[in-house]
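Both complexes shown next keep chain A, but they swap its partner, so chain B is in the first and chain C is in the second.
Up next, the complex of A and B:
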């Protein structure tokens, strides 16, 4: 990512030349779109499954001016952010404890390591029992999902803190709270933020999947509603919107962190 | 002292887990936790036996495992060639490597309603989701493995005047195999997670729907037991895949 950025800026300085990478990207996009349209028009596959491009574009237009989208978008974002806050804080705490002590790390980290990749969505019936069918169970689902990557990332980050920084803190007789605030968190900004970035994506998936399973609002609910109406162009449009949203959020967090890391290094 | 150092953490981990269950059991019996929402751990353990004996666990497990392995196979058959393609065509790589990485971070599993329309409510939908979810790590790791081959090995090949195909078959690919295996392990795990998740979501297939059925019967101990069982199976699956990877991986 960084190397292409450097390349284009130096090219810009020496006058604009068409970048072959850009051309290849454009060619791929155009090729896929043309292929799609040809398949749609050929009638080889059901037209409902592969709708023609104008139908999808029209559906996207309708979707973007529909206030329903934004109402549901806010619901999903609200649930995801709360999930990230709860899961992230819990993950941070557990990560610091496990990463800070070799003994606790060896005792409990294997559980996290192996529970982390299990499919979290199967806990959803339990979440419904505990937190109800409303937003609570979605937030819990997201928080539970994102707890694991944050905790593991923080634990690894804790272990990578140079011991000299710890000793500085100890020689100042810093309290545990001061150690966390002044030593641990600043020293492992990168793994923490990386964990939160991963956690955001996973919390979003948890929330969206929970919404598709049982809900009456949120983007996941909209997807399932389109499926039940068999409105394929609208479903494609909605999926495109969700993918753009999640990739955009991911890119934004990455940029935010690289900037803060750069300013921290100064 | 040394044995304490070696087994202490593991004992604490396991002991902590057991203690947690005992505390929950006591809290429920005291009425501090609602027993209708959280069943007694002892009941869950009893229910685990019932779930295994009465719910046809073996065919369910085999179906889920078959779907996960099918998806894993497709991931290998599609992902490794795509990784090689990106390695050979540098321009294509520069154009699309970030796309693949972004794709890996996207909520791919959410397209399952789309696949439901295309493949119907069948195992194919589940396998398709598992495959799509498992592809990015395999593509990226194949690329990483091939790009990371030590230059000295490549020069050895050149000095033997190998043809590009020989160079690939005898030098590049074998040198990249360890990294590719790491990618396959990730891909298989991603595929398995998504297979079970989608099974649960569309209520079709092996282990996933089991949890649905039991929770719809409001059989709480059995629901918890089934969740524990699926988690246990996934953990064993990860352990097995990790072992196999270590076993297959040539010493690097």
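Up next, the complex of A and C:
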């Protein structure tokens, strides 16, 4: 689809020309690496805390061939995706209700605003009691964390829908379900996608954080394990892996959602 | 019979052009008042109107006289304080399947193509994809937008978008087409030409139309009857039969008879409009004072 009103995102996605911005980004990475190496060699900080780059690269190599990484990566991904599904669906639903009804919005939204920025990890003990020490409590943590940004951004997006479009739907006697499917959701695509993207990051944070606190599997657990063994190169290698993972996931979500938008509302 | 005496005829019954029989729309002593922080505001006061099958009736009045309020009550989007509105013999409470509305504001769905927009009411009714696109095609042709099926509203001009909105409402196949200043945002030339289009469609489908407008030329060009509203509270000032020959085109705008109708209506409207302007100036004065 070459000439649509929503072409900008797909155009951006397909254009792979080298971009000056790309060079700046690369330069930043190189700069950080050089700085790191300089600090490591200077001996200003403990060798063990700031290991030299070759040590980290070697650890990264070992990590990437270690089946343990993939087993734990899979666990974390699985927990995060389930957390996003539960928290995201709940957030979408609550956001639509709060955004669609002035009464419910005024009654409940203050709670969302107060609870939203609260560090959810303080609820982790409760989650353990409710969902056990296994994956359940991690999923619950992630779901609980990502519920808030999704609900709030959907509620705000819902309010930004031009009222005239809703009146058109009503005048054609659309059912509440059709209103949601055919008017609210397509009209709010942007805030919903942003909410889900934000929600994914926050679900991942919630899951990783929970894994570092109490668990025997997952990437968060691996990080803490390496920390406790004081294997700093391995820990940094792991952090890099997690960083790349979240970047990749973010890009995947963007791709996925812009694809579904391009295929249009049937 | 477009004589001067006829111009002064005040009629509450159907126009000569109407086919008679049961009215499709009955507005019966309808009142609408709003509770505001400043007290009760009566927007529409004791209005009555019958519209028969195939008739084209315009409602004209100065800005703020309650036209959109009446429009929304007939369309079932706004509750009625007193009185009753019936469509095809059924009392209106909520959007009625026999009424199709075209709104004053820009109302096409920006994420849908022209054909998807026009097929929307059919989609709501559960018509299958192939059939609804085929039926939409008919109405796209009717408003002269063939070739633009796959375009998005953002790629069209304002006049074309308004035609999409009209086609979409026609695809709903309403017994009564209800339009609220559908051409208000358009320039005069486009407005006249779209008026021709609407006349042609109305003749082709024998469509009953109620058009809300504040444009006298448009009202005279299109209507069998014109209801003139008073300014605040909105009441029926009078109803005029427009006895111009059909089929009409926008060329009729230049004729003497047309000019007489326009002058006639303007005479009535001027009092109301200036009343409205005085009110607004007084209000502005009040606001300026602390």
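As a working rule, the second predicted complex is superposed on the first by the 223 of 266 C-alpha atoms of A that agree within 3 Å, B and C clash if a C-alpha of one lies under 4 Å from a C-alpha of the other, contacts with A are read in each partner's own complex, and residues count from 1 in each chain.
One rule holds for everything that comes next: a contact is a pair of C-beta atoms (placed from the backbone, for glycine too) under 8 Å apart; a residue touches a chain by one contact, two chains touch by 3 or more.
Everything numeric in this text was worked out from a predicted model, so none of it was measured.
Trainee: I'd like to know which partner A:250 touches here: chain B for first, chain C for second, both or neither.
Mentor: The answer is first: A:250 touches chain B but not chain C.
Trainee: Examine A:173 and indicate which partner it touches, taking first as chain B and second as chain C; both and neither are also allowed.
Mentor: second
Trainee: On the A-aligned overlay, A:187 touches which partner chain: chain B = first, chain C = second, or both, or neither?
Mentor: second
Trainee: State whether A:220 touches chain B only (first), chain C only (second), both chains, or neither.
Mentor: After superposing on A, A:220 lies in contact with chain B but is clear of chain C.
Trainee: On chain A, which partner touches more residues: chain B or chain C?
Mentor: The larger set of chain A residues in touch belongs to B.
Trainee: Classify the contacts of A:165 with the two partner chains as first (chain B alone), second (chain C alone), both, or neither.
Mentor: Only chain C; A:165 stays clear of chain B.
Trainee: Report for A:67: first if it touches chain B alone, second if chain C alone, otherwise both or neither.
Mentor: After superposing on A, A:67 lies clear of both chain B and chain C.
Trainee: From the superposed pair, tell me which chain A residues show up as contacts to chain B and also as contacts to chain C.
Mentor: Residues common to the chain A contacts of chain C and of chain B are 4, listed in rising order.
Trainee: Tell me, which parts of chain C touch chain A in their complex?
Mentor: It comes out as residues 75-77, 95, 97, 99-101, 103, 105-107, 109-113, 116, 120-121, 123-124, 129, 152-155, 172.
Trainee: In their shared complex, at which residues does chain A touch chain C?
Mentor: 3-6, 162, 164-165, 167-174, 178, 182-183, 186-187, 189, 264-266
Trainee: Enumerate the contact residues on chain B facing chain A in the complex.
Mentor: Residue list for chain B touching chain A: 8-13, 16-17, 37, 91-92, 94-96, 98, 102, 105-107, 109-114, 116-118, 189, 193-194, 196-197, 200-201, 208, 211-212, 215, 220, 223-224, 227, 230-231, 234-235, 238-239.
Trainee: Note which residues of chain A are touching chain B in the complex, please.
Mentor: 1, 4, 20-21, 24-25, 28, 48-49, 103-108, 110-111, 114-115, 117-119, 121-126, 129-130, 201, 204-205, 208-209, 212-213, 220, 223-224, 226-227, 230, 232, 235-236, 239, 242-243, 246-247, 250-251
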